[in-house]
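See below for the structure under consideration.
Should a chain be cited, it is by its letter among A, B, C and D, assigned in written order, with residues numbered from 1 in that chain.
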Amino acid sequence: MNIPFTQRRTVKWGECDPAGIVYTPRFLDWSVEAVESTFRAVVGIHWPDMQERFGLAAPMKQISLEFSSPLRTYDEVDLTVTIDKLGRSSTSYRVTTRKSDGTLCFTALLTSVMIDFSTFRPVPIPADVRTPFERYITACGGTL
Amino acid sequence: MNIPFTQRRTVKWGECDPAGIVYTPRFLDWSVEAVESTFRAVVGIHWPDMQERFGLAAPMKQISLEFSSPLRTYDEVDLTVTIDKLGRSSTSYRVTTRKSDGTLCFTALLTSVMIDFSTFRPVPIPADVRTPFERYITACGGTL
Amino acid sequence: MNIPFTQRRTVKWGECDPAGIVYTPRFLDWSVEAVESTFRAVVGIHWPDMQERFGLAAPMKQISLEFSSPLRTYDEVDLTVTIDKLGRSSTSYRVTTRKSDGTLCFTALLTSVMIDFSTFRPVPIPADVRTPFERYITACGGTL
Amino acid sequence: MNIPFTQRRTVKWGECDPAGIVYTPRFLDWSVEAVESTFRAVVGIHWPDMQERFGLAAPMKQISLEFSSPLRTYDEVDLTVTIDKLGRSSTSYRVTTRKSDGTLCFTALLTSVMIDFSTFRPVPIPADVRTPFERYITACGGTL
């Protein structure tokens, strides 16, 4: 795994709208997929296993997106995922997306909350998730 | 419920590609949604309940699509769903899609197979599904 | 058109993830589609015509989403769209989504910027858009 | 480029439905993306350039899909694309999708037709496309 975790995408024809640029909601698909891949790479537990084996889930509570420059078909972008804040139950991910020439395309902030899947109530992030997350934050140069 | 079951859609901006026409895979999204709505309207059981309450599912086994004329943003289409064939475990749906002026846009044939969800093995379509399906075929002017 | 503009949706099977609830990014698809429909209903100009006839576009600059309660297959929701703020080039839409029993599901704030499509530079919102938008804000009980 | 062209995918959480398996229409998204990537790799011309520079497009005329075994989150699959038939205006692609253990997941046949984008009428496949396609068919062990 590269530090920070980075996912490369090539814009597909079907992701663009009649204006010839990526249709805005696709950026949230990309961001959530990047967070999903980061979770898997850093924690080593898959999202379905969180639910099936631990009875936990981490749905999104708050998301914000800021768009800087449009993308066209076959543009190549790197989505880099860092963790801004680790609370008792919440995790705030930052997804920074740049073209290979460094141009910033968009930034996404996504806050998920760890819940008990049977009650949908917040629970503390278990050590199996918290410990690798703390290591990842430190490895990325962040502070706990 | 109108007979045969018909679902109206207005083409959205984000469903079109840079050529300004509906991106082909969206037609399969529409077709499966039309079949889902038909199942719900005709049988009165939701797909999730098939699985949760009866331990059954009806995944697609075979699909074919034939495209006749392109669609653009804000075109309005009617998707009409009939049942071509009802086998022991299989159901063949036909989705016919026309613009309001009668122009044929595309036809989809979708064959699902009733399975036991725990084994993924085919099982006979239960009477709770078969009986309303037979009534629907007859109501649409088809023969059993 | 109802005031404020409201769009009803029924959650589809394919919009839900393995947790059985709507997959988060779908909420942004819904929000942008609701804004698109509001623009069309209030202004009377389609998004493709903005571009083809006026050389203008209104891409999103900033989006935030706040999630309150999950949705399951066949839940029915109403997306209500109001305009929070109308700037020189920018428009801030608020999408409020509730179940029929009044439960709040999510709120989205979307800010678009009117641009010249050939240069991607901001331009003042033309009167053909501003005037109906101002009338809509007033009709919804807002202040200019 | 590997011969035949192969695209690897890891199933994402959001591509699966409440049954925990890939939602059927996603397979057509994958298939069209695999064909798009094959076209780009074999012919060296992007789909948008076909339209913008040559005034041509190659929309799908007929698609069929046959499903063999379901896929779950994080399954890894290889989509292999060959060309079954090259007509005067039409191209028939075959997409074969297997898990790493060799299990067949689904097969898709997609036939596109080369058209003049201004008239939407079929035209002969130009030499710039036909020649590399013929070379590719031969390289894959097929016959012209």
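The rule is simple: a contact is a pair of C-beta atoms (placed from the backbone, for glycine too) under 8 Å apart; a residue touches a chain by one contact, two chains touch by 3 or more.
Since the structure is predicted, the reported quantities are computational estimates derived from the model, not experimental observations.
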Quick one: compare the interface residues of chain A with those of chain D and tell me same or different, with half as the dividing line.
same
With centres defined as the mean of C-alpha atoms, identify the chain lying farthest from chain C.
D
Superposing the C-alpha atoms of chain B on chain C takes a rotation of how many degrees, nearest 5?
180
Chain centre separation in whole Å, for chain D relative to chain A (CA means):
29
Chain A to chain B, mean C-alpha position gap in Å, rounds to 34
Shared interface positions of chain A, touching two or more other chains
13-14, 18-20, 25, 29, 32, 48, 73
Going by the contact rule at the top, pick out the chain B residues touching chain A in the complex.
13-14, 16-20, 23, 25, 73
Which part of chain D faces chain A closely enough to touch in the complex?
12-14, 20, 29, 32-33, 36, 40, 46-48, 72-74
Which stretch or stretches of chain A touch chain C in the complex?
18-19, 21, 24-25, 28-29, 32, 48, 51, 57, 59-67, 70, 117, 120
